[in-house]
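One structure is given here, and the rest of the page talks about it.
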Amino acid sequence: MKFNNRNVHLGMNVRLGNNVRIGDNTTIYDNVAIGDNTIIANDCVIGEPSWEYYRHGENYTQPETVIGASALIRSHTILYAGSSFGENFTTGHRVTIRENCRFGRDCQVGTLTNIQGDVTFGDYCKMHSNVLIAEFSTIGNHVFIYPFTVFTNDTHPPSNHYKGPTIGDYSVITVHCIILPAVKIGTHCLVGANSVVNKDLPDFSFAVGSPAKIMRDVRELGGGGLYPWVYNFERGMPWQGIGFDVWSQQQ
Amino acid sequence: MKFNNRNVHLGMNVRLGNNVRIGDNTTIYDNVAIGDNTIIANDCVIGEPSWEYYRHGENYTQPETVIGASALIRSHTILYAGSSFGENFTTGHRVTIRENCRFGRDCQVGTLTNIQGDVTFGDYCKMHSNVLIAEFSTIGNHVFIYPFTVFTNDTHPPSNHYKGPTIGDYSVITVHCIILPAVKIGTHCLVGANSVVNKDLPDFSFAVGSPAKIMRDVRELGGGGLYPWVYNFERGMPWQGIGFDVWSQQQ
Amino acid sequence: MKFNNRNVHLGMNVRLGNNVRIGDNTTIYDNVAIGDNTIIANDCVIGEPSWEYYRHGENYTQPETVIGASALIRSHTILYAGSSFGENFTTGHRVTIRENCRFGRDCQVGTLTNIQGDVTFGDYCKMHSNVLIAEFSTIGNHVFIYPFTVFTNDTHPPSNHYKGPTIGDYSVITVHCIILPAVKIGTHCLVGANSVVNKDLPDFSFAVGSPAKIMRDVRELGGGGLYPWVYNFERGMPWQGIGFDVWSQQQ
């Protein structure tokens, strides 16, 4: 239904792997490389140019965009030029990802999520719908971020001094949270709903509140056994079928 | 202006009622039924297939999508296949509604609102802009939900155990609220701004806070007479012109 | 890359200034005036008609839309008919701005921001991404509003009595705030993250919390010197290069 080559336009130097499918009404601008078996659905814009394109016109140089193998980019997604996406990258609808972002493998970005430029993600990160990640954020591996959570980067808005948050491996930031600029959250943390994190959190923190307070160690939640989640959840994770401990020892 | 049959594509087995209008740049995929006098504006996608379409290719079976009579679907809306929408259904722009949702009659869904799969709505529900409803939520009749409110369904994220909230008839959830998984909110409730509802609320509760506390009976708010709102507001409601009590007795 | 005249459609009485560029897949409806050197990028809808268009059909009269000189409207933006935008107006992607809005010069509206009808903005206002401004709001000059902040206008939802907030010149509303209906915020105020402002704020207030409390004068923050921001930040402001005091004296 989606792949009829209707109103599809490819720019110059677009390199498609084997078995790539491009949906109707999708535009891929110049200098984009797409891996084997990747699907770009309908009404997408890939290789969106940055501000310099409008300012400098024909002197603008389009940076390379690289989408790995077996990706699924759902409709109405805008991926800026100059970002790279590891294999099995998946998006919902109407995702916007700006320039100079780096995604590891098996990352997911939900519908309407808006990722600004110069953000680095590790592997197996899952952003749910309606997340907003500020420029210069750094996100580890196996991080989950839930809806309406915003990462900020401007300590005294408006200013010119941007420092994004840093999130450690296996941490979970739940719905409607605010991570303030330059905050470092450790590994295996859990941030409860509607929290404002204004201080660094050590590994295994469960924090909640506005401003967030460390309530306990995540390993004590619910009498123990609920967290770290890595022992309870393996769908889409590299330890699926073998368990986290076996997988960890293999790394 | 909008209905020039430019870049409009209809799939197989699309059944249009009398006087249906389809806007430019809109795609309707297979197996969609649209009632009389319905308007699908420009740049919409109706019958968006689920994940199985990409995975199973030609073996994919598209479920039926049913849009009732006199609906108005504004531009850039995506309605997944397998959902049904009662008569007079109205959307703003850029609405996303996933599979297996059921909407009663006279429901409205505002701009950018994102409704995930397997959600049931009664009649005359009004979602404002930028609402996010999680899978497996159940929403009664005459329910109002305001911007940036999110319904959640995962008690210990990330997990595989999803239970959506349930909202009773005539309840109002205001802006920036979080309804936690499996919470049941009664009828005629009012949840104040920026609240996190983590426990069930009995009928007629006014609750606010993070976590939300029941502050009083809605019938006592403002000295009485403000709530239940059904006595003060009738625009678009079935008791318009006759009053809530008369209408109720007719039911 | 963007300006190939593919699937571009202009309605009746569309008046383009000199050197206007219109992106592919963009539609401009009737009665729109666009100033010199303005760029409307791809996949935009300009002059979106209001509800009366669907109801009254051929008897509908499209109000005029005016976009000033040197504007940059990024992709997938919807601007309703009947609004006006001063020179150097800039949007991110997927912005929605409804009817009867008035923007002064040098305003910016970020990606996914949703501005409802009958809102007035002064000059040099900057809305970041994912902001929601309710109908009948009034916003001064040099105002900054950050993501997931919502202005509301319905005191007893649902009602028919709408009164939007009023924001004074040079004020900053940070992330995830709620401004309640009819609230008046003075000049040079700063509202901290995750606040619910339910009372008027005098000039130079720093307020935070839910409900927001006035914590101190902004001139005392950080030991002084951080706020008013006008002495520390001039990018894109009319006092760039000369300083706020010199500029102020010239006014």
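For reference, chains read A, B and C in written order, and residue numbers begin at 1 within each chain.
As a working rule, a residue touches a chain if its C-beta (ideal position, glycine included) is under 8 Å from a C-beta of that chain, and two chains touch if they have at least 3 such contacts.
Fair warning: this is a prediction, and the values are worked out from it, not measured in the lab.
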item	value
Size of the rotation, in steps of 5 degrees, that lays the CA trace of chain A over chain B	120
Copy pair chain B, chain C: interface residue numbering same or different (half cut)	different
Distance between chain centroids, defined by C-alpha means - chain B, chain C (Å)	27
Residues of chain A touching at least two other chains	7, 25, 43, 76, 94, 112, 130, 148, 176, 194, 210
For the chain C and chain A complex, residues of the former touching the latter	1-2, 4, 6-7, 24-25, 39, 42-43, 72, 75-76, 93-94, 111-112, 126, 129-130, 144, 146-148, 172, 174-176, 193-194, 210, 222, 226-227, 229, 232-233, 235
Touching residues on chain C, where the partner in the complex is chain B	7, 9, 11, 25, 27, 29-30, 43, 45, 47-49, 53-54, 62, 76, 78, 94, 96, 112, 114, 116, 130, 132, 148, 150, 152, 156-160, 176, 178, 180, 194, 196, 210
